[in-house]
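Residue numbering begins at 1 within each chain, and the chains themselves are lettered A, B, C and D in the order written.
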Amino acid sequence: MVNQPSLMPDLSVEIAGILMKNPVLTGSGTFGYGEEMSQIYDLSLLGALTVKGLSLRPQSGNRPPRICETPAGMLNSIGLQNIGIEAFVRDKLPFLRRIDTRVIANIYGHSAEEYAEVANILDSANGVDGIELNISCPNVKKGGMAFGTDRAETCRVVRHVRKATRLPLIVKLSPNVTDITEFALAAEDEGADALSLINTLLGMAIDIHEKRPRLSRGVGGLSGPAIRPVALRMVYQVSQVTRLPVIGMGGVVCAEDAVAFLLAGASAVSVGTANFVDPLCPLEIVAGIEDYMKAHGFSRVQELSGALDMGES
Amino acid sequence: MVNQPSLMPDLSVEIAGILMKNPVLTGSGTFGYGEEMSQIYDLSLLGALTVKGLSLRPQSGNRPPRICETPAGMLNSIGLQNIGIEAFVRDKLPFLRRIDTRVIANIYGHSAEEYAEVANILDSANGVDGIELNISCPNVKKGGMAFGTDRAETCRVVRHVRKATRLPLIVKLSPNVTDITEFALAAEDEGADALSLINTLLGMAIDIHEKRPRLSRGVGGLSGPAIRPVALRMVYQVSQVTRLPVIGMGGVVCAEDAVAFLLAGASAVSVGTANFVDPLCPLEIVAGIEDYMKAHGFSRVQELSGALDMGES
Amino acid sequence: MSFFPIRQVKARVTGNHQVAEATFRLVLSAKEFPAAAQPGQFIMLRTSTTEDPLLRRAFSLHDRKDDHLGILYKVVGRGTDWMARRRPGDVIDLIGPLGRGFSSAPPLRKALLVAGGMGIAPFRLLVRSLQSEGVEILLFYGARTAGDLLELEEMEAASVSLLLATEDGSRGEKGRVTELFREHFRKVEPSASFKIFACGPQAMLYEVARIALGQEIACDVSLESQMACGLGTCMGCVIATGSGYQRVCREGPVFSAQSLLLDESAVKHE
Amino acid sequence: MSFFPIRQVKARVTGNHQVAEATFRLVLSAKEFPAAAQPGQFIMLRTSTTEDPLLRRAFSLHDRKDDHLGILYKVVGRGTDWMARRRPGDVIDLIGPLGRGFSSAPPLRKALLVAGGMGIAPFRLLVRSLQSEGVEILLFYGARTAGDLLELEEMEAASVSLLLATEDGSRGEKGRVTELFREHFRKVEPSASFKIFACGPQAMLYEVARIALGQEIACDVSLESQMACGLGTCMGCVIATGSGYQRVCREGPVFSAQSLLLDESAVKHE
């Protein structure tokens, strides 16, 4: 492919060996198992879709209320309610196989060994293009964020999973840490193929009339436009220190946001909360990135990644 | 005072030995040196006001642009532009002395020794009721946040300042850490009289047309309603582990927010970014807290602090 | 469970009239909205053009006629306040129809509708559908005060028998509609060709469900829940059922009384 | 530096008319707004009733008559879009008057006004004030295209001499207003009783300031900057001056050419 501005910019990206037709993914937990959204648009228009976090056994999740709106964002404490890896492979994967897009399975375990077991099952399940390791969920009591906020635990989980699967391995980082670059480097050292960030920020909301937290679990994960500045900063920081491709997420609602993440160093972006606000927004983002590339003379979307001018200081 | 619901609730609080007529303060860096705001309303209606961060020598701050709007919030990288402690004592304090409210001096240094020196100057300057130690500013290259995201450094700074002043000492914590309770306990151990939290979250915004960060320094501090859920969570967490009074801040824009922080465990709240949106909002918050207390049968504002029902889980 | 096509539609406001205190009837022209929408289904409405409020709001389908659809709503916060300020010609973005509506499989002879407050909203469509099937309809309807009782003329015009209750006694029986409803079975013998349809606050619905189970009458209740997506993807809106937490937006909002876990601890406190 | 009383006012919209492409003139009734407002001062307008957008927006005082004040504005984003949708009767929250306006101390015989684009906004009040002092006024005014040249009739009616430039040559000289302005001094001898007043994009203002310094004519430029508070408390809006970073909202928005640091590195890139 010639590296000069063309009329039809090339939006395809390869991340962790997964070739995607465009750099727009959907975020785990905001897109169900894909099926639900297929009633609204043609999923093959996406670069990839990420399914809801899967665990070894079905999980019932937290007691409601599980969500509440916050300024330009929302809190959730779903607690990873999911049908379990076996039911996923049996009941959901057949549908996903028929769609011409990439499927990323977000997984979660109560121990490094359990993570590895889930990964191992997916390794032999035809139809999954990559694994996203959720070590950053703030909504489960044991594990979850605990793995992603402790460097040694992060290393242990990634190491175990790396041994259990040959699938491309994406590690999803927690923003609830002092220095996210440490965790990025830890995942890289242990053999991750890509990083995705950020998961939700730990937050809380209170119903002052009931004098009770708005979520039954007290705390939950903050997502949406509100967290975009934090996400963008972390994507920038991580991109500076790692050679791994980064999937940027956190408050992406339009093409302008997506381009900002790419400029900051991401190779692709993931749309989460915005799917609730405007289901068609991933498609508008794809179109908007293309328009931006045309207007600014980019021929390949990779050229955007890290094309940020940081000025003098 | 009898502890039964009265028609006129008692809004006064004592924090770190500072008696305030109500639990509503203004946040450092959002209220200048007080003077500017006195053209808009009578500052004696505030529980206390906190002045812009002061350093030993005048500081010119960062190159503009220094601020930009973000979803339900803003980023700033002022870089602690200030007139220096001597000019403050000489030119600003005389005005503040004439106002019947409490004055808290927010201070900042490039080293533990410099912090101590500033504190020591204030110790003998009549008119300052308390010192707020800013170890959490994300907008200066050396020091600032570095002190507040490293436990040992936090201890060192607090220890030095504690020795240098007999004024009530409030330590302002950074939210950009994995576990804020560690820092709360560190400050408590070293002799802090109160804690205030949160300072801004480190964030970034990008101008995609210029392919440049919107702030000249690249990153800045995120404030405003967007960060309220994170702030509320941290105030709750810190209140659970410390016996020190907590001044809660981060996205407080109305009485409902203020009450939420009090219920989460704060003894008072500080209004920051909201001063820009609606200068009169601290006064509305005072009135709104009073209304809430009447409606819910609280006679003293301290009763609100931590009156949260966390339910079963 | 049958799924109908879901559409995202830019609908045009054709009417937005106040019908009671803080209560409005919004009429939208939405050609592309699927005609197959069922009573009890709902839509997710974008109640701003900015990020405040951010999330969509859920509303029962109140009416559906030709190219128009209607919503009966109460102003309770920022989203509904925005709605109340829409004028004819304005555009509102909505997604629907969503969820599973009321099911009225024959042989159904008599329908007992129970509504609390705004719970009356989905009953206009339900009444129309039941009547086309020749079902006899009784409506038990409770509200805080007389002014909050909506749709009374419409229901009378549709020869629905009304049994009213208000908490302040300003109209009908003084007290709660559930008491009125419970009272009814002192006089009337339940039958297998009866069915109960209820919509209102959760505590009321669970009470109705318990009565229904006691009388062994089939019963559908339409629940509310905090929703983010309305599409079944976020798992935010679940309710405790015999087969685990189920999505109000997908498996519901209408659930059969039998399927729900009715013990007190499952009831959302309000 | 003299400070005038600052008021937070709920003003009522009495007019909001489009005057050019994406450009409107807003007229507000604001009795409590201080009459003492000076040309070049500005107000901070709340451009929503929600948290999106959150911060206030700055606008020059364009007009001030009896109980009314006027704003001339261009729709460039969310805040100004909200403004364009206001109708007579709507209420807008504003704070002002703010900052330091133009200073026209006598003996001033001739005023050279230089405006770029929307930079014309504060000149209506300035012209009125200069004329009351009997000062002769020349206006150098540049814009992208003829349609963007605003207030021409008003200026002519006030017998201001106009020298126009457009980038596309559709009206007046083809090129930038700064070229036109520089050209002027090839013909006219500067004098100590002249003063320059300029408002427009920063690069233009700095160019005008350099010309003024070269010709040794007193010169006031009115700057813009990203603002959060407008009150001098946040230190967000500063500009580089000979005495350090100064607040555009407090020491400005009008600065004397001499006080600014005019080297290229101090100029905001746009």
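Everything below uses one rule, namely that contacts are C-beta pairs under 8 Å (C-beta built on N, C-alpha and C of every residue); 3 or more make two chains touch, one makes a residue touch a chain.
Bear in mind the structure is a predicted one, so any value in this text is a computation, not a measurement.
Hopping across touching chains, the smallest step count from subunit B to subunit D is 1. The pair with more inter-chain C-beta contacts, choosing from A-D and A-C, is A-C. Taking each chain's centre as the mean of its CA atoms, D is the chain most distant from subunit A.
Remark: subunit A and subunit D have CA centroids separated by 46 Å (rounded to whole angstrom).
In terms of their C-alpha centroids, the spacing between subunit A and subunit C amounts to 36 Å. Here the spacing of subunit C and subunit D, counted between their Cα centres, is 55 Å. Chain centres here are Cα averages; for subunit A and subunit B they lie 34 Å apart. Shown for subunit C are the residues that touch two or more other chains, namely 51-53.
Shared contact sites, meaning residues of subunit B that touch two or more other chains, fall at 63, 71-73, 210, 212, 224-225. Chain-to-chain contact here is organised exhaustively, every possible pair of chains being in touch. Those residues of subunit A whose C-beta lies close enough to touch subunit B in the complex are 62-63, 70-73, 75, 149, 176-179, 201-206, 208, 210-213, 216-219, 222, 224-230, 232-233, 236, 251, 256, 259-260, 263-264, 292, 307-311, 313. Only residues 29-32, 36-37, 39-40, 52, 60-61, 63-69, 71-74, 76, 78, 81, 210, 212, 224-225, 253, 273, 275-280 of subunit B touch subunit D when the two sit together in their complex. Put simply, subunit C touches subunit D in their complex at residues 48, 50-53, 78. In the complex of the two chains, the subunit D residues touching subunit B come out as 3, 5-6, 8, 46, 51-56, 93, 95, 225-240, 244-245, 250, 268-269. For subunit B in complex with subunit C, the touching residues are 71-72.
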